[in-house]
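What follows is a set of notes on a single structure, which appears directly below.
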Amino acid sequence: MFHDLKKAVVGTAAATALMAGVAGASTAQAETELTMYYPVAVGGPLTEIVDGMVADFMAENPDITVNAIYAGNYNDARIKALAALKGGEPAQLSVMFSIDIYDLIEQDAIVAFDDIVETDEEKAWLNSFYPTLMENGRTGGKTWGIPFQRSTIVMYYNKDAFRDAGLDPEAQPATWDALVEAGQALTKDDGSRWGVMIPSTGYPYWMFGALAMQNDQVLMNGEGTETYFDAEPTVEALDFWRSLGTEHGVMPEGTIEWGTLRQNFLEGKTAIMWHSTGNLTAVKENASFDFGVAMLPANERRGTPTGGGNFYIFKDATPEERSAALKLIRFMTAPERAAEWSMKTGYMGVSPAAYETEVLQAYVEEFPYAAVARDQLEFATAELSTYQTGRVRKALDDAIQAALTGSKTPAEALGEAQATADRLLKPYR
Amino acid sequence: MSPRGALETGATWLLALLWISPLLYALWAAFHPAEFAVTFDPLAPLTLENFREALARAPFPRYMLNTFILVTMLLAAQFVLCTLAAYAFARYRFKGADIAFALVLVQLMIAPEILIVENYATLAHLGLVDTILGIGLPYMASAFGIFLLRQAFKSTPKELEEAARLEGCGTLGVLWRVYVPLARPTYLAYGLVSVSHHWNNFLWPLVVTNSVETRPLTVGLGVFGAPESGVDWSVVSAATLLSVAPLMLAFLLFQRQFVQSFMRAGIR
Amino acid sequence: MRHVIGWLLLTPAAILLIAFTYWPIGATVADSLFSRGNPIRPSRFIGLENYALMADDPIFWQVLWNNALFALGTIPASITLALLMALMVNRALPGRALARMAFFTPTILPMIAVANIWLFFYTPDIGLIDQIAGLVGLPGHNWLGDPDTVLGAIIVMTVWKEAGFFMIFYLAALQTIPPELWEAARLEGAARWTYFRRILFPLLMPTTLFVLINAILNSFKLVDHLFILTKGGPDNASNLLLYYIFETAFSFFDTTYAATLTVVLLALLAVLSLVQYGVLDKRIHYR
């Protein structure tokens, strides 16, 4: 009753405003309300930054209200957004894992950007991002996701530890062999310092995507219907990962915790860590020692998967909401904002134009490591993403952990993972 | 004290100290700067910075308010629903009462969180996903509460009811004037058990809530401490203490009642 | 008349119980007979196919086995400790209230908070346990990253959390046992251990059974800590049935398979209920 009354009042007010607008020969718009879910997967007070950007957007566009909801990690964000949609809650756009694309298409939850953009300028905008970052957002000839909080894996290393071990702090290990060699020099026998740590909880398949790529092997096809888990180079890559602990003794055996790894690095317990570029700012602010950032080493070639979150627009949104959402996304990914976002978080500037802004150029000048991720893009590939992505991913994650903890051999574990993936993906081929 | 007694006392203290030490550690980490989180230096400076940081990063006061609304609403509803049902079972030998009671007891074993999948679907149909009411609803008709209050009502002398009836009280009047006041200790016991259970409940609220406006403390803490965001121990410790503080404080103030309530609730 | 009033009084509670307990039990069983649907391919009746799938699912068998180990690891240990604690603080000693509080406090902490605190202990190298081990020259260990120790680590934490809770029930039971019994036994020349074994423990039997049922129930319901500590890893070494159900339903969106798994959990609880009724009857009889 009260609700109806309120609606009526608002309706009347809007109608009045509209008439006033017509009378004034300007196009006044009814207010559009957007609900956006977003995750934060790596360190730093990112929620504040997002809230700040959203507030700026609303100041610039008083006719659009944005309700930005922080939804935890990527998994939570996907669950929340999809659950909200199923439950009939409003949600027009969301930042979700770039690899959720096939699930979202299968759930018929999202709409392709090609169907929303209208002007030539908007169409050109779709092509303004780094192409490697678009790989996870495109399938079937359409663009479904716009890169936002995107990262690659980089190698953080402790220069003081390098000096301490008699290594040249500027000569970063560029090959697998060099990594092992450096690791052996850096590892202390009393266990007070390890050479290398590559995290294997949280996102093991992601780290593994890098190792596989370095061995010149991608993990899946572009349609999300095939995986190559048991290919020979894939198995070799896992063999190598495992050997760091078992054979070379430069990494602890067992799995390494994603969440506490940064702390380990900052405490000097490991001289090298592989981690998301999204941790760059947090490391920069908290490291009490001289640290460096390098591209991941190569075996057959250099390689890393891209990672992180894309913007998606939901199908349920009305045309007005879609265009408002597009406006918001364009605002959030505009070069200046992308530059600001990159500096504050360590995530990448998503377009070449972002790196051409004065602020980011100045920042890179002063802090060259901010550009490592960008430079590495040349060698990057898409992150593991298929239909039934959650389960396929879990199969690979479990296989990696089984191999690293020694309960299965890499070949055995990956063979099983491939069999599981084949069973899951068969209906989609 | 005999040597043996002294030994036993010593052992008790030692075990008690061991038991409380994880909490003492959390206190240590929360009140010292991050660099002392894993190094113990008695001269380390004390600080409130971690609490400030935790409060700046996540809206803990809001989460606390949500939890407070949740447990209060839930407890009020539980009291009403369970009182009525327990009264029916205790004093009305209605047809089918035995079967109905046995069915009620099923919920003692199968808590709503076991049925997350279907209960979530039900809640979505009702449009109650992401509401505090939605978190509480499945728990309102509590088999445990019905059970406890039925026991209490059964032990109330029938003569008191008859006297009240003679004075012209109706069904609800008798319940309100006679049964409820006499069962006060049971209400207190059940209330404390219920509040501490729902203050701490996690899985179901996690599934149901999506936003800051509804998320209770446990879920807020879970989202905050999820290792994806890279654990900052001191701040997580501070956040953890913030979340448990109200209940801990209540516990310390009403320790005797708490322990007795749990005892009473256990003897059923 | 009393039939009508009785049912009327029961109605509000009954509606909610039907909506959130009985209906979902039925719906779970029904859903388990359907295929996973999506907007393009709607769900269809497939009979027992999900159950066949489950029988072939190694993760299902592993989580079931883990659940059994988790129960075996937590229950005897927490009950023994609970009884020990109750005996310790049931006698006069200086600082008794403090000791009781120390034992009981973990009980009122949320599992999520407990997991946050214990994560600090278990983290390799920089965690508290490894630091203490380091002081006495022992090598560090990756407690949560090693499939051989992860379940044990979680069990220890759970025992810490639960023992104090069970202690309360023993304490309550001990207070109903007249001290004269011990006096009499002593006059008969019984040693303390004999008194405990022959008199006290049998008298506490109903409490033990009650606590046992509760402990088993908890071992199926408690999965909160997995969200913080391990997410069920490494390679499902710490995964438990309810967590797997959660993952299946809310990460893989396979609600029908999640329903199938839930049916197993319900069946287990049903068996437990039958035991519970037996025990409950005995208790009432005993009193």
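Here the chain labels run A, B and C in written order, and each chain numbers its own residues starting at 1.
Operating definition for what follows: contacts are C-beta pairs under 8 Å (C-beta built on N, C-alpha and C of every residue); 3 or more make two chains touch, one makes a residue touch a chain.
Keep in mind the model is a prediction, meaning the values are calculated, not measured.
J.: Which of the two pairs, B-C or A-C, is linked by more C-beta contacts?
T.: Counting C-beta pairs in contact, B-C comes out ahead.
J.: Of the other chains, whose C-alpha centre is the longest way from the centre of chain B?
T.: A
J.: So, what's the distance in Å between the C-alpha centres of chain C and chain A?
T.: Result: the chain centres lie 37 Å from each other.
J.: CA centre of chain B versus CA centre of chain C: separation in Å?
T.: The computed centroid separation for chain B versus chain C comes out at 17 Å.
J.: Among the residues of chain B, which ones contact at least 2 other chains?
T.: 38, 120, 222, 226-227, 231, 233
J.: List, in ascending order, every residue of chain A touching at least 2 other chains.
T.: 83, 201-202, 257, 260, 263, 267
J.: Can you tell me which residues of chain C touch two or more of the remaining chains?
T.: Residues 119, 126, 250 of chain C touch two or more partner chains.
J.: For chain C, which residues count as touching chain B in their complex?
T.: Touch list, chain C to chain B: 2-10, 12-17, 19-25, 27-28, 31, 84-85, 88-89, 91, 93-95, 97-114, 116-121, 126-128, 131, 160, 164-165, 168-169, 171-172, 210, 217, 220-221, 223-224, 227-228, 242, 245-246, 249-250, 255, 258-259, 262, 265-266, 269-270, 272-273, 276.
J.: Looking at the complex, which residues from chain C come into contact with chain A?
T.: Touching chain A from chain C are residues 38-40, 59, 119, 123-126, 134, 139-140, 142, 144-147, 230-231, 233-237, 247, 250-254.
J.: Under the stated contact criterion, what part of chain A meets chain B in this complex?
T.: 37, 40-43, 45, 47-48, 69-74, 76, 80, 83-84, 86-89, 201-202, 257-260, 262-263, 267, 279, 282, 286, 288
J.: For the complex, give me every residue of chain B touching chain A.
T.: Per the touch definition, chain B meets chain A at residues 34-35, 38, 56-58, 120, 123-124, 127, 129-130, 210-212, 222-223, 226-233.
J.: Within the complex, which stretch of chain A touches chain C?
T.: Contact set of chain A toward chain C: 75, 79, 82-83, 103, 106-108, 191, 194, 200-202, 252-257, 260, 263-264, 267, 269, 388, 390-391, 394, 397-399, 401-402, 404-405, 407.
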